[in-house]
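Chain lettering (A, B and C) follows the sequence in which the chains are written, and residue indices restart at 1 in each chain.
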Amino acid sequence: MSKNSRLLLAALAVVVIAGLIVIPMNFNRYGLYILSQWAVMTIAAMGLNLTLGYAGQVSLAQGAFVGIGAYGAAILTSHGWPLIAALGLVIVICFIVGWLLGYPALRVQHHYLAFVTLAFSTLAFLVFRNESWMTNGIYGISNIPRPEIFGFPTRKPLPFYYLCLGSLALVTLAMWWLIRSPWGRAFMALRENPIRAQSLGIDTRRYTLMAFAIGSVLGGIAGVLYAPLTQYVDPVPFNLQLSLDLLMMVIVGGAGFMLGPFLGAMIAVLLPEWLRVAEGYYLMLYALAVIALLIYSPTGILGILDRYLSSRRTQAASALRAAAQSKLEAAQ
Amino acid sequence: MSNLLDLIVAGLATGAIYALVAVGFTLLWQTSQTINFAQGEFVMLPAFLMLAVMHLGAPFWLAVLVGVLLSTLLLGLAFKMLLVDPMLRHGVLPLAIATMALAIGIKEAVKQFFSAEASPFPSIVPVGDVSILGRAISLQSLGVLAVAILAVVGLTTLLNRTSLGHQMQAAAQNPTVARIIGVPVERMILLTFLINAVLVALASLLITPIYLAKFSSGEVLGQAAFIAAIVGGFNQVRGAIAGGLLIGVVDNLAAAYVSTQYRAAVPMVLLILVILFRPQGLLGRAEERTV
Amino acid sequence: MTAVLDVRDVKKSFGGITAVDGVSFDVQEGEILGLIGPNGCGKSTLFNCILGQLVPSAGEVRVDGKLVTGQRPAELNRLGVSRTFQLLQVFPKLSVRDNLILAGQEHRGSMMSRLFGPSDAGLTETADQMIGFFKLEHLADEPAGGLSYGQQKLLDAAMAFMGGPRLVLLDEPAGGVNPTMLGDLKERLIAINRERRATFVVIEHNMEFVMSLCSRVMVMAEGKVLAIGKPDEIRANPAVVEAYLGH
C-alpha cells in the first residue's frame, strides 16, 4: 500500500470515529439503542471472526456465549456486584467453556463441527430457559442496572452508548494486537494448512483451543454489555438464531478481515431498521439483500474490496514486468 | 406397556417424516455439497401453497397437485438455478449462509402473505383409532407411517434398481468419472433437487395436519432433519432413513420419560456423541480425507 | 559419534499391505542422503513415519540418539527436524516474509512471549537473511500465492531452514522446477549444507539432481532397502540398474 493511500485510510478512520462520537449526540433514545446494539454485536462478531475467519473453525455457538455473558451480568449485577466484576467472572467462564468446546474441533471439522456447536447452542438455550432458580426461566430478569464508570453514571442512553463504543474500541485494539502478533499468524496457518503448520512446529491443538476460547470470551463480553443495554434478559434472544445471525454477519462483512464484523453487524442490525419503511416486508428484503450480496461476492463486502485491490496490484506488477522487459530488450 | 407401544408407533410416524426430509437433505449434500439450512422452511412452505390454492376455491386434491408442482418449481428448479448454481464454486460456507438468509426470507414471506397464526390443514389419512390386538392405535400415525414408508421404498428402488438411479449415484459419488462414462451429470443433479422438492412437499402434506400450518414450524423440523441426517450418516440415503426413525422415536420417548423441559436436549446429546465417536454416522461410511 | 538420524527396522502396514518393510539406515552430521526408488516403493510413507505424521507399526527412530518414534510433528519440529512436502505448501495469503517468520516463530520463547512480545517474534532480520540467501529480495512483501511455481519452491525450502534445524527432510524439492531454477536450488542447498552443517535427506526422482547433490544414495524397492552407497556405487550396482535405473 502506498504512503498516500495509507494516509487516506487513516484520515477516513478518524472521520468515521469522530462521526460515531459526534453525530449520535442528537439521536433519540431508539437511535442510540440501535447504535449501541450495533457496537455490542460487532464485538460478538469479532470473536466469531477470530474463530472462523482467522483460525478457520466453524462455530454455531457464538450466540450461546453472548447469552452466558448477558445472564452472568444480569444475575451478578442484580445481586449488587459491580459490572466490572461480573465482566471478570464472565471472561473466565467463557474462556473455559470455549476451550472445552474447542475439543471436538480436534476430532472433526467443517459441517460436523458446525453441528456439534449447534447442539451446544441449543443445550445452552435449554439451560437458560429451564434453570429458573438461576435465570428466572421464561420470565427473565428485569431491572438490570446500568453501571457507573469512573463515577460517571451511564443510566441515560447517550453515556451508555459511549460505554459500548469505548468497549468496542478497546476490543478492536486488543484484536488488532492479537492478529498481528505471532498468534495471529499461527491462526491463519491453522486455517490455510494445518498439516504444514504442524511441520513448522506450530502446536495446532493448542492454537485451535485458543481460537475457540478467545472468540468465546468476546461473545461473553458482548453479552455483559447486552444485559445493561436492554436492562432485561430472557432466553429468547439467545436461541440458535442469534448464532446463525452472528455467523451471517461475519460472512457478509468478510470473514478473515479485521473490519468485516463492523460491516456485517451494520448490515444485520442497521439495515433492517433502514428497511422499516417497507413495513412488514423489511426482513424479507433484508434476506433478499443478503442472498444477492453473497451471490455477487461470496467473500462478503470486504471481499469485493480485496479483489479490487489485488487486481490493481497484479496490474501494477505486470506493468513493472513489461517495463523491465522492454528495458532489457532495448539494452540488447 | 401399551403406552410404550403407542409412543413408539407415534415416534416412528414422525420419524418417517423426518426421514423424508433428511433423505432430501443428504441428496443435496451428496450431489452438490449444499447444506440447506432452509430445509425446514422447505417443508413448511408447500402446505401454505396448498392452502392458498384452496382459498381460490379449488378442491383439496387439486390443491395438493398444484402445491406439489409449485414446490417442485420453486424449491427444486428455482432454488438450484438462482441460488445454488451461482454460489457452488465458492465453497460450502457462503452457500450455507445464503440458505440461512433464504430461511428467513421464506418465513417472513409466509408471515406477510398468509398469516402469522397457525392454520388447520386437512389430513390425507383418516383420523381416529384402530384396534390392533386389543389396543387402540392412532390411525393417523399408521397412515403417515405407511405413506412415508411407501415413499422411501419408492425412492430407494429408484436409486438402487433403475438405470436412472445408478446414474444419479454415479453423479453424486464421482462426477468426473461419471461424466467420462457418459452420465449427464448436470441433469442428474437437477433431478436430485427436484426429488428433494417432492420429498419436502410430501413431508409437508403428512406433518402439517398434526402440527398445523405455521410460518415458524420449519425451525424444529429442519433441526430434526439435520440431526437425523448426521446421526444416520451424512453420505448415505439409508443412513438418513434410519436416523430419521431413530430421532422420531427418541424424541417421543424423551418427551414421555425425560422432563419435558429437557426433552429437546436428548437428540442434541445423541448428536454430539455420534459426531465425536462415530462421525461417519451409525450407518455411514467414512468420507475419504486427502492430506 | 552418534548419527543425526538413526532408523532401525521401521515397518508400516495399512491393513494387509506392508508399505515399509523393515528399513534401517543412519545419516551422519553434514551428510546429504538421497532416497530414490520407483513410485509406490514406500519412500513417502517412510518419511511420514520418521516425521510423526504416521506412527510406525514397528521399529525405532532416533534423532541425535534420542528416541522420537511416534512423536507429534510439531514436537519433532521443535527438536530440530524440519521438512518440505512433495506438493507445494506455502501459505498463499501471507507475505513471503511472514511465511518465513511463521516458520521460525515457534522455535523461541513461550506462548505468552509470542502473544505479548514483538509482532515479528524478533525474526525479521533472520527472515530477511533467508530471503537474501534464496534471492527473493524483490518479493519479500508479496503474498506468497502470487509467486511463480519455482519461486514458491524456493520459499518452501527456505521455510524449512528458519528454525535452524539439525535435520531436514526434503520430499521432491526439484519436482516441477525449471532447469535454471533447479540450478539455483541445488547451489543454495549445497551452500546451506556447508555453512550450517545441516543434514539432509532428499527424496527425488530427478537422477541428475540426486547424483550431483547427495553424498550417499539409498535405493528402496517394495518397502525394503535395495542398496545404499556413494552415487557412483549406486550407478554401478546391477540390482539397482535392474530394478530402477534400467527403465
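Heads up, the rule we're going with is that a residue touches a chain if its C-beta (ideal position, glycine included) is under 8 Å from a C-beta of that chain, and two chains touch if they have at least 3 such contacts.
None of the values given here were measured: they were computed from a predicted structure.
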Chains touching both chain A and chain C: none
Farthest chain (mean CA position) relative to chain A: C
For chain A paired with chain C, centre-to-centre distance based on mean C-alpha positions, whole Å: 40
Intercentroid distance (Cα basis), chain C paired with chain B, Å: 50
Between chain B and chain A, distance of the C-alpha-averaged centres to the nearest whole Å: 33
Of all residues in chain C, the ones touching two or more other chains: 53
Residues of chain A engaged with two or more neighbouring chains: 195
Contacts with two or more other chains, residues of chain B listed in rising order: 291
Chain A-touching residues of chain C, taken from the complex the two chains share: 51, 53, 72-74, 77-78, 82-83, 85, 89, 91-94, 98, 101-103, 105-107, 111, 114-117, 119-121, 146, 159, 162-163
Touch list for chain A against partner chain C, complex: 178, 180-183, 185-186, 188-189, 192-193, 195-196, 198-204, 206, 313-314, 317
Of all residues in chain B, those that touch chain A in their complex: 35, 37, 83, 86-87, 90-95, 97-98, 100-102, 104-105, 108-109, 111-112, 219, 223, 226-227, 230, 234, 261-262, 264-265, 268-269, 271-272, 275-276, 279, 291
Residues of chain A defined as touching chain B within the complex: 58, 104, 107-108, 110-112, 114-116, 118-120, 122-123, 126, 129-130, 195, 240, 244, 247-248, 251-252, 255, 280-281, 283-284, 286-288, 290-291, 294-295, 298-299
